[in-house]
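Okay, handing you the structure first.
Here the chain labels run A, B and C in written order, and each chain numbers its own residues starting at 1.
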């Protein structure tokens, strides 16, 4: 409650939180496509590749004008993207190597330029390194307006090319075959992704920006199978982690905003992975355990059935060791007895003495139908 | 030894150690995993620092190596859930662990002498300040010995397990069937990558470690088709790049590691464009040559097909033939010029006529195409 | 009674929900050339992977000559699907074939002259002697498959498992491969092949296993490879007649 009060009162905090929210929304939307296109790490490379652009523009103009610096970042980010695509297409070098090479050599160039600037006389370079780690608390109202403007443009572009983006995230070959240009879509998507990264540079920085482009999409994917739903959810997760991260970092001393946002969204991802309806690991584990038990139950029943068939009298009782599954022989009979008791409970088998068992009519019928269904049928 | 010389030697050792391992990393499609490790080891360093309260303890290296392996393990565990692709799992694990490290450092910044900037960006210039003193005598920069030991271990590992690394990288299933555990090889390699990254981070920073690990091997991969040569070449490229990078950084007075990374990038660019067999120039050239060869063959075949038919006059007219072939006029002129030069056709009052040589060539092309299908 | 080199008992494999293999029991005698056939998704590759311990079954066990896989590893050869490796890997034909000898050499030691000669022999046998030093990405699909076969030959195993060796190869390679397989059988080796082309089963193999999650039938081709059994395996004869499913 206190944090809400704080959010309502503190003007600077509102500005920063608004900025983080916009960033979260935009990166959630674009990240969904990146995740589906299996290009999650492209964002990582592009955000590093933006650094030399920033430094270069400052070197030429000598002033820290946000728009100009961001323009520089945009251009060098696009050059980086272009390089990655060309390397991937024209050589046998794998996509991930192309990413690693591009991000590190661009970043190296950026550092070279930054150190060069630092040594120039009378240069007012302080704050440029904020682009590396981000410094949300230094966001100005004007910066946030720029972020909102860029964010709106990105969302409009996505809405406009929705059909094409959907097609290309799913099946680029097919898209090409029905006459959409792969290259054009790539350029559009890369450009708006670069713009989104640039929005994030000031608040979370080059390194952590990549997380925001991956995590919301991955988390959203766990809850839905529909693209439109996924994009909306990803945006919501992005906004939530952006605002919550900002609040936490303003409430606790010495808490860097960017990393806190990343930790929040990561926790959302882990939660989704475990507990998301249907897909979640937790549910799947339960289901899998049930399944394995079920398969073993069926197998015990079928062993019993086959033993019965080999005997003159189908209802002849058999000893536990005989019914035991091959792979369990060294583990003893406890497991089989458990399974057999379950079968008795269901009326598929009967316990004759302490350790002999026989099949019932119901059991024979069931065993036949399981065999016909290749174990797909449950007990 | 002068500090300058020490810096160069350390840079050379770092690049050699990184590029030897890097060859296997890029072949195993682990380039971005390396990027992740080089960041997350920071968490290991921070935690080990909290325990030992010293920045020089060997525990730091062990802690970092453990976190490196943890990164690999977590990434694979996430991927195994099959709820996301491999690259997404890297993109989640690494910023998460890295963010925790940054939060810890910032939170306890007061009592920690660990500067985020220096970890991420590194600065070779300061490395010679940290001396190794044995029995009261200064025997050189500490980094020199640490990295030297790491390089020795890396080389020993690659030489001893060359055969196993090759097999597991090329065909993991066969390796498992033959009794070489792919998991053992994988984790030992990634463990060494973590240790090497820790050793190097102080000198070059965690972001640029990946330039040293990926750049030279990728350039070598453009040039050679043999794994052994790739290892040697990649080490050589790494060493030469670091020497040139260092010289340039002195001339322009800029960050040494950044300068080396830039040189690594430029080296790749040059190789990418000019490499024999696989370079851009060769590829573009051979594409163009093939296009012309193919066009020539189709022109000659076209003439051949209509030879001695009643449509021969229409089909072989110099001014209309480009329409039949659906070419631009300019392209036709180019091919015509070549064909005339090679004496495949003769020009007879605006009509093209095959020479015996041209006819033979057309038929040979036709047979070749038939064969390749 | 004939002694069995491979005995599979009660093998069940499940990846997620439905079993991929259900309660497989199979005994394979020494010296047969056996095809495993069945529709897509029938678990053919999974069956050989489970036998080779590359996939963990829910239940069941496999014995080779009455012993576990671990004890018999050195007598078992494996040819994975051609698509399972990266053919851009910087290595030559000879190098790939040499990998077949690694199992016998063990950790750390290097292949020597003896291994090299053996590999060259195998390369000659598959008709690839002109390409010994060729980089593997410059080979055609059929040539790549022959390299894999040569690699299996130098393993000098008693039991061979091959995952779709005829997938996407030219007619010449197909002949070369089948000749070698038949020669292996003559030398008393046991060869298990995941196979796709029903038309050639009778011509190439003497044993066959029909698989569709469960084992429909297995045994001598003449006895087992009947229209009735194929109908059960593939669901309808109509698709079978088209040759491939």
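Note that a contact is a pair of C-beta atoms (placed from the backbone, for glycine too) under 8 Å apart; a residue touches a chain by one contact, two chains touch by 3 or more.
All values derive from a computational prediction rather than experimental measurement.
J.: If we define chain centres by averaging CA atoms, which chain lands farthest from chain A? Would you check?
T.: Result for the farthest chain: C.
J.: Can you identify which chains form the pair with the largest number of contacting C-beta pairs?
T.: Answer by contact count: the chains A-B.
J.: Round to the nearest whole Å and give the separation of the Cα centres of chain A and chain B.
T.: That gives a centre separation of 26 Å.
J.: Centre to centre, by mean C-alpha position, how many angstrom separate chain B and chain C?
T.: Chain centroid spacing, chain B to chain C, equals 35 Å.
J.: Name the residues of chain A that each touch 2 or more other chains.
T.: In chain A, 92 touch at least two other chains.
J.: So which bits of chain C are touching at least two other chains?
T.: Nothing qualifies.
J.: Among all residues of chain B, which ones touch two or more of the remaining chains?
T.: In chain B, 221 touch at least two other chains.
J.: Chain A touches which residues of chain C in the complex?
T.: So the residues of chain C touching chain A come out as 9-10, 12, 14, 16-19, 22-23, 57-61, 88, 137, 212-214.
J.: Residue numbers of chain C touching chain B in their complex, please.
T.: Its residues touching chain B are 49, 52-54, 73-74, 76, 78, 80, 84-86, 89-92, 95-96, 99, 102-103, 105-111, 135, 151, 155.
J.: Taking the touch rule as given, give the residues of chain A at its contact with chain B in the complex, in rising order.
T.: That would be residues 35, 38-41, 43-44, 48, 87, 90-94, 96-97, 99-116, 119, 129, 132-133, 207-208, 210-211, 213-215, 217-218, 221-222, 253-256, 258-260, 262-263, 266, 269, 273, 279, 281 of chain A.
J.: Note which residues of chain B are touching chain A in the complex, please.
T.: 26, 29-32, 34-35, 39, 78, 81, 83-85, 87-88, 90-92, 95-96, 98-100, 102-103, 106-109, 116-117, 120-121, 207-208, 210-211, 213-215, 218, 221-222, 249, 252-255, 257-262, 264-266, 268, 272, 278, 280, 283
J.: Within the complex, which stretch of chain A touches chain C?
T.: 92, 287-288, 291-292, 295-296, 299, 302, 325-328, 371, 374-376
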